[in-house]
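Read the structure below first, then the notes.
Chains: A, B, C and D, in written order; residue numbering restarts at 1 for each.
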């Protein structure tokens, strides 16, 4: 009964958002076409997929994690976008996890689903499935296998076709550390006016590029999100409006607080918090990846659990380095 | 009726090969364990997947291509391993193309199916399906999305589990231009004695590494295949025994001839042919990729056809460069 | 007579600074050793070396440029550190240009001389010569020819020996785009407490690393300078205290103003200025380098002149791109 | 007296070579211009500079080493080209070492002197000095500091001006591991017909590129030398005519023997020797560099001695790895 009611509330909230999306953009470039106005500003954890020891998906543990996350003023969740080991799931599993997340997330949280595949047709199809599963927007990673031929022209065509056919807003996603492809400013600036492309997540962390993108896409209803907690505050200072941060899986409250401090003009406090986040963030991302993230989640009451092979769990020595990054920055007691 | 007979012959040939595989390796390291002795020496085209203009698979055109290829003394075919846009197919399509290729290939040709996926479990499953579809061996590309954590230990575990569970021999595959992962000599030398790992395809083209691998894996029943026609002859001179070459889709006869010249000790003639192959090979691989390959195939009587998006067809200017590389080296008239 | 008086004033200013340098650091790590307290916060142009058409040094034009620069509230000048084509000068020329700059610079400006060479002995010797020539500090670029062996240990030893023997303060310099070497946080944090190492210039622009360095070296009297105008404001927001910016050769006044706005809490105005600087900065650095810089200087009343070979002048098409970057951002009329 | 006689013989040999150089090229492209015909085929050690413990140059030890090298059928010596820590010498020292090498080398050996500097003018001047010092040819490494602007056009102009003004033949040198610059085939093919550019040393080891260069420069009197013993035999098989190999400092006799075996058609023996050379070569080049080379030289009766800072000597653990690479391949007893 509770569940029914909750879903009803959720559906209403979505309806309201969709109504909002029907309004027209003021942007002249787009020429008055119907556009999405979904406000995606805020902090999102790209949630990892919990597995049982036999590597099957641990949906019960997902619920446990959402129960904690939902109490934090996160803007929403990114599900199977990159960090979630989405490349290790079957297409059906990928949709199912998103479907479950839609149910588990509080009605006032957004669900941004990863729908990027290598081919345009698969991405279009996956985007449709994610919309059907109740996602509010999709995050579309760059295709990358044929690196040498992912030209600007090719990527523009890819994203345009996906956005043209999607019933929910599209967010671009550039993560060169995984894909070897860095979306060029030319492509991004070209795509920004598209009425159904509402922003991007950039994980490369080149602050000059981020500033330049914000500058060049202003008045285009284009929202830039930082892809890592390592440069969250600098990203805000150059005009980014949110962050999709692995660290938000663990320190969601603190990252939301960092943003609040920034908006309140309490800059030095925000900076002090930013400083403390750098080492823990590095430990669970570029140093030890999702295995490190899952290990650290367990120290904070979340379910982490194993990774799917070939990802290996962190070693004891690695675990110690990760833990130190949290204790030395006073996020955890020794 | 003819078809039935042909399949029967094919099955018998496979049976014979499987019987051969049941014999024991002479290699002492492997300690007398039952091993695969499949001889994979020779030339293979990694066949592209033909598409109709609507991007659906053009099985009829596949048959047309096999009718030409089957008359060339190729050792076999690599299907959906890398070049075939396998990342653009659904898992079911991938298996179906292999299944079709098994039927279309002459009974004396080997079918090496690509079965590499990002996760170990998906790779194991795909390997099983490829074996069921009639493939003689699988080519397993390195997983690569979580680049920073594809450690030697992780890759050794991945390949060992795949090889342990596969009913057909496994061939390692390293193609850093696409994956960003270069299988290290340590991993390869460690895996070489595995009774069910019979060789590797290396597309990086570091001749020192190739020579070193041949040297370090001798007496391990480990067969090294060059991954490109650009360095096919040098690869043979340091002990490689074959090549999986995109150019073999077009110049299969010539590449087989190159190998024959080498074995016959007619070295200068082999070298002259090698020289002429470099520019055309470059044009259809690193310069213009599979779109270039498909365009060039059409000049030689094969069906090339379109690529799936986001891969774009070559432009007219690019087409001219590709064509010149063939005409200037006397593989084609102006 | 005027000149004599000016030099006298200058010497007095230096004496005062040197007296300041004799005071002791409060830093406990350094254990009360006599240390340098030179305040290097502020904006510096890394001045290019002006050449005549025959590629000899145009000292007269250098004077012309200094006459303009001296009227701008720049903190000082970096001479033959990187941008000045220092690798194209003989050791004697390098010292002579610094010597000349010391004479031409206003007495209240600092002269930071580049003294980095490949070998430790040459760097020590060049540092001595720069001190003798009147430089206030030296900027020491990482040695880089034997990239594979520039280990942390090797670089720590190098910088320690240079700093131990230098009579003027030492500033570390990391510019991977030119050297292929990115000074690691470990090396920098290790060297920061050295009483004669007072800071660093970082041109890589990884804002997370910059923030982390400021955080890890606080209380070490270690001053971090941004190496480019592209990320000057973000660098200030994470605690950097200055910038060595090629763009300051042209837009020195504007960059000083940006810093003033930041310090005055007029953040949005600072940000607007920062946005406008990104494209011009990119044009005269990573896009077209010192040749682009010299061309653009001429539009602002400075002498630019030719480059030494093998650097080529910019083409007309390139010149147009550079000019557009200035006009479109309202630094120049069409 | 002996010395006088020796120098006289040496001068005569040079005279003969210079007479040879006055003959005209048969190449039509060069249009009958007077060209250099210096035959540079064969094996060269790029000799390291011996230092005393105080890092001054140990000329006495240089003589000791030449006494051993001169007895080996090496074609000559490369002096201060790359490996010799030339970037750690003053310009005067660089010339002096070459001058000394000219005296110490047997009259029938060639001296190829490194004369590459960052600027064209310095390279021209250094080339003149090397010719005056008695070098037979110069090896000119690519300038590299301003990486982003070392365009094809810039490099073509650089080498053309150096070759135009040099009294001795010029050899191109590409060593991307140190410089970050890989001379493009376009530049090399453009420069090959120049009457005073007689060949190149390529250390990148891309065998496809080497084959392609030999093919595209045939009939241009252009001789391609392998830059490492790791791929010496493959290089010969695709038409290279020699090698400048760090390993030749230690195993000069063996590398000359490898070439003899190749020319005698005893291919399998050549290959067996090639295999054995890969690990030792790797140990003294990309793994441990010139410090490793110097350490290993001592086990074979040569003077190795210290490196100049910031290069560090190899550690004991590293020394063990290097030694193992020689013992396991039967070049040294345990």
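What we mean here is this: contacts are C-beta pairs under 8 Å (C-beta built on N, C-alpha and C of every residue); 3 or more make two chains touch, one makes a residue touch a chain.
Quick caveat: nothing in here was measured; it's all calculated off a predicted structure.
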{"item": "Fewest hops from chain A to chain D - one hop per pair of touching chains", "value": "2"}
{"item": "Length of the line joining the C-alpha centres of chain A and chain B, rounded to whole Å", "value": "37"}
{"item": "Interchain centroid distance [CA atoms averaged], chain B/chain D, Å", "value": "38"}
{"item": "Touching pairs - complete list by chain label", "value": "A-B, A-C, B-D, C-D"}
{"item": "Sites on chain B touched by chain A in the complex", "value": "55, 85, 87-88, 90-91, 118-122, 143, 145-151, 153-155, 157-158, 161, 177-180, 286, 288-291, 308-312"}
{"item": "Residue ranges of chain C touching chain A (in the complex, touch as defined)", "value": "205-208, 211-212, 214-215, 228, 230-231, 233-234, 237-239, 267, 271, 274-275, 278-279, 282"}
